[in-house]
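Same chain, two partners: subunit A is paired with subunit B first, then with subunit C.
What follows is the complex of A and B.
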């Protein structure tokens, strides 16, 4: 027994795990690792669900069959993805220049407030109502990102904390309005007055998909043009990769950082508009819940690029739809979708390790 | 007068979660780790604390111990991910916030909204009965005093021991620390784990000491306020106490102002801790002008193999 231990100790002593940087990363390998990570994350999520009494077969039924194999499911996913595309693009715009905008939910609330001001006070003629609401939502979202942007470039105040604190401030402001002056005059519930027909995004004619899809499409094209085709895109990539160098060669780093933050806030605001004008038909205090983290997750998984953002947002939308039906079926809490997202993100970012590095059993000493 | 006495008496109760979490974050950040997951870790500490308390038959000590262990494990997991697996610290931290909210939301249902006795304040004859400041100074629960001891211990550890010096070296300049033979990864993992335990304790105090109940999402941004508090405290344990008392004072004032029936809109009152945090952050930024007090390597990964 002792001899065996001595031998095994000797074995361990002469060999250790060495971590090496891979010189070349193949696309196939990269995809395989990410896929494995997704499966790992989903596996843990399913294990937790089964632990909470969810039937495995019904996960397949609810998640895969209902969500992907009929038109109602697919259209529900599309509807869910519309605001997700907008928050994903919003997060990506800011993350590209290392501005960690955690304040997407607050900016969404502000966007919905901007849209609701137009709707509540009946500003503008009917046919201009929706464009005005969109414009105001973007401006209000930008306004909510302006403070952290200025604080970041002028005083170097950590934007993670400032944007996050503004989430709470926006949330309590919305509560104040909804329990006070903006309470629904009809049913006295703490949500805003319902929008009139001219203030709602109409449906395009396929299932429940609405014209928010056009807003999202325009946003994708604009962001794609801005980051891939414009001068701003090239300079901002430089700023994102190496801000010190960018400053040294005379690029307007502050302007680009602040501009990206504003674009991020504007996109988040437009997501608030889409939810208010196409899903809720009013201002509510639950409308932004979870979208901030979803935006971060989507941007991160999509590598801050606009086209992959579309794909990831669609997948995230299917998670939303499946999670929604499971929540109702098994009376699971709202935190469910976020939990699955967090587990998947942690799995995927941890898997990057196996893409970048190679583990090797190194031998040394005389054998 | 009663308002003042009560306000002072409850200020430490609201300060403890902030100070304990800030201590944990100072240990993390001094080693160069930015743990944004404090909010989620606090929630887990709060839930596990209540579960242990109830399941072991109203046992306060075990409640705090298990809440702390929950934080320790999550802190270790955070450290493992960012130090060993080299994940992005910001994304990992934010994911931990959602992970904590999700886990407590999904698994905590049986223990939610159960009122408990929790930990009780001590009473020392005469001292506690001193008008106005008696309860503030001598009428707190034991964890309040324990937190003060933890402040002393972490200050001594960080600034008066060889290990603390090495830990700070890892946070300032990991390359130099590595060249000096300090195991950067081990120190960071250690800091993440110990720091997580502090944050877990802060969470357990939320449910067992402050609210005496577990409510979903009860941390209410305190993890984030603690992160701001660390900046305000310029990464020094003692200053975190002052910051904690300042914010604890604001939080303790809110329910008392509400009770007086003053005509202040409720939701603007609830907003004040976040506004105050923002104000303090701006104040700290103006004073520091560029943040030269922050550990130099804060938030940056250290990978020896990537060195060229």
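What follows is the complex of A and C.
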């Protein structure tokens, strides 16, 4: 007995948990860390729900089954994910060159305004109406990113501030239009006139999924091409990782930074188009709410890479849909739903620690 | 003499890379113990175990004869072990005093500042350092920053002082001064471990020397007096290195000319004044000088990242007005910068990307719309092979390469394609003997192919090893120019003379 204790003490004395910097992490282990974090977040969320009196069996039933294993649920997730993919890609494009675009919501509003101009003034023939709306939304989104981009590369003005403040200008401009000249002539409500049929993104024929999915798919492919296959992709990687080196070896840092910022604005603008033309069928002043921050979180979790952005956006979409059903089935307050979403996102973000460092039992003393 | 710091049978791996395999080491109280070895021999890893940054996979660490557990820097500090790393750990925009306060502040703010001041002057006196406690760290020279680090460690009560290549950043004079002070410290019964790969220091200032090679201890604790330099360098690299030079290149056409250049440092102090320089094709111009005499600013001007206040910058016969880095590159100016991970490499990107980033314009690696990844892969594999870049696969992150291999990567990129002018700023800083020799050979080969090379270096051995023409920079001016072979003592004198 005594001997055993001595051995175990010896064991404790010689082995301790140590934190070390990881030199490299494999893909499988990386995924395992993220998965563990997801489970951790879900575990806490379930504990909270059970604490609120929700039956543990029905959590699985109504959550997982309703969200993922039925056509209505999964299509709702897809619809929810489409604008999230676009804003996620938009944030990623900017963040990967250290352009901190906080102005995604403003750029979305501008995109929706661009689309609405085409729609309200019936510009172009019917069959070109939607492509024109998309084009204008992208251009308007870019326009809203252009100022901060130029200020940043020419005068080194902090883009966090400039893009953030432009959000308010876009928002109040939308309010001005909706309470003024663009007020719905039919019901006099402060939202835009409803788009005509030729100005709405049609459904693809499976549940409520609309052609926005094609817009998102094209965006993913374009961004993948731009960052993974084009010369711009490689050079911009250097601008993002080591801007001073990029400058010193003669890369066109200003052009790349500004170009990425414009692409970011354009993607955000297209998200505005998708929401206006496929969900709301008009310009509204609530359409962009929250998308800016969702985009930031998605881009961060996806490491600013296009394919992971798609996956993360889908997971975020399912969180939103599950949140909606929670509200409906259990009449849980909005705040609780937000809390659960935040817990899951925070768990995944915090798991970054285990990607950078590893814990291991260190041996001390003689072998 | 009793043992101060002992390692027995230490093993340590990082993933599949075994850094230490059965390493041992014993340093006694009262001695300066040199730890000698090439880059990647495991010297720093072993000492990082003593300072608590790494924990060994296996093996015993003893301090003053007792087996100890060092599971963090605090544990090391409590055991009286202090380490001075190659890269100083100081907050640059704070004063010396404030830096020392971090970790050593006691009691209230004011009182602790008072006592700290006294402690600093006491310690400074003991070891013969002068330091202004109110100077901001970023205004200090490298050697002053190093002194601050040493004082910081000594204030923590260190009895065993480990220094990782402390003289790599110092001039000859500063090195001798530091080593003398370290000897005094050891003679008071403390222990100094000196990680180095300079043989001269071992013979002049060490009481004992341990040699490591490939993660193993190959010779432990002998007095250097019983050995010859040839024996030591053989132990270190496993083969004797030797060279003699007779082939000095004649000057070719003027490739680059600086005329009456005037430039300021960031803090407004004059860095270059009436600075004139001519680089000829096919020649290596070695600009010798003590660090901080304008070399950094000169290099930045040549890279296009610092504007000159006055003067002419003539490249290939063309007078350039405010050249951008991009335009300089397009005119064939390439550069191996002093700070590899600042201006030379993107550490978080792959070897492959780093290898080709400056070579896209010719279309060799695909069009702007579609990059030819196979060509990039081939280029990287070839560079790795040709320049013997160890530990690198095309997909490896550049940061994971050791110093010498990272430098080879930069050089391979900068020399690919025909460079008109190559700027090499302290290209072998922190490199081992073999990597140095490879770097020097590569530089000279480039000049034989017609490149005009400017070598900025504080290391006279290096200047003499590769230069065809030698200049001396002192306080922002060229104070002397010689055709090689030149008189070493004369140049050394010009470097340190107050002109």
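Methods note: the second predicted complex is superposed on the first by the 289 of 367 C-alpha atoms of A that agree within 3 Å, B and C clash if a C-alpha of one lies under 4 Å from a C-alpha of the other, contacts with A are read in each partner's own complex, and residues count from 1 in each chain.
Note that a contact is a pair of C-beta atoms (placed from the backbone, for glycine too) under 8 Å apart; a residue touches a chain by one contact, two chains touch by 3 or more.
Computed from a predicted structure; not experimentally measured.
Looking at the shared chain after the overlay, A:234 reaches subunit C, while subunit B stays out of its contact range. Once the two complexes are laid over each other on the shared chain, residue contacts for A:20 go to subunit B and to subunit C alike. Contacts of A:165 after superposition: subunit B is touched, whereas subunit C is not reached. By the touch criterion defined above, A:346 lies against subunit B but remains apart from subunit C after alignment on the C-alpha atoms of chain A.
In the superposed model, A:247 lies in contact with subunit C only, and not with subunit B.
For subunit A, the partner that touches more of its residues is B, with subunit B and subunit C as the two candidates.
Applying the stated touch rule to the two superposed structures, the overlap between the subunit B and subunit C interfaces on subunit A comprises residues 20. Subunit A contributes residues 19-21, 48, 52, 100, 102, 151, 155-158, 160-162, 164-166, 168-169, 172-173, 175-176, 179-180, 293, 296, 300, 332-336, 338-343, 345-346, 349-350, 352-353, 356-357 to its touches with subunit B in the complex. Per the touch definition, subunit B reaches subunit A in the complex via residues 36, 81, 85-88, 90-92, 94-99, 101-107, 109, 216, 221, 224, 227-228, 231, 265-268, 270-271, 274-275, 277-278, 281-282, 285-286, 290-291, 305-306. Chain contact summary for the complex, subunit A toward subunit C: residues 13-14, 16, 18, 20, 23-24, 229-235, 237-238, 241-242, 244-252, 362-367.
Remark: subunit C residues 8-9, 14-15, 54-61, 67, 69-72, 303-305, 324-330, 335, 337, 341-349, 353, 357-358, 360, 366-371, 397, 400 touch subunit A in the complex.
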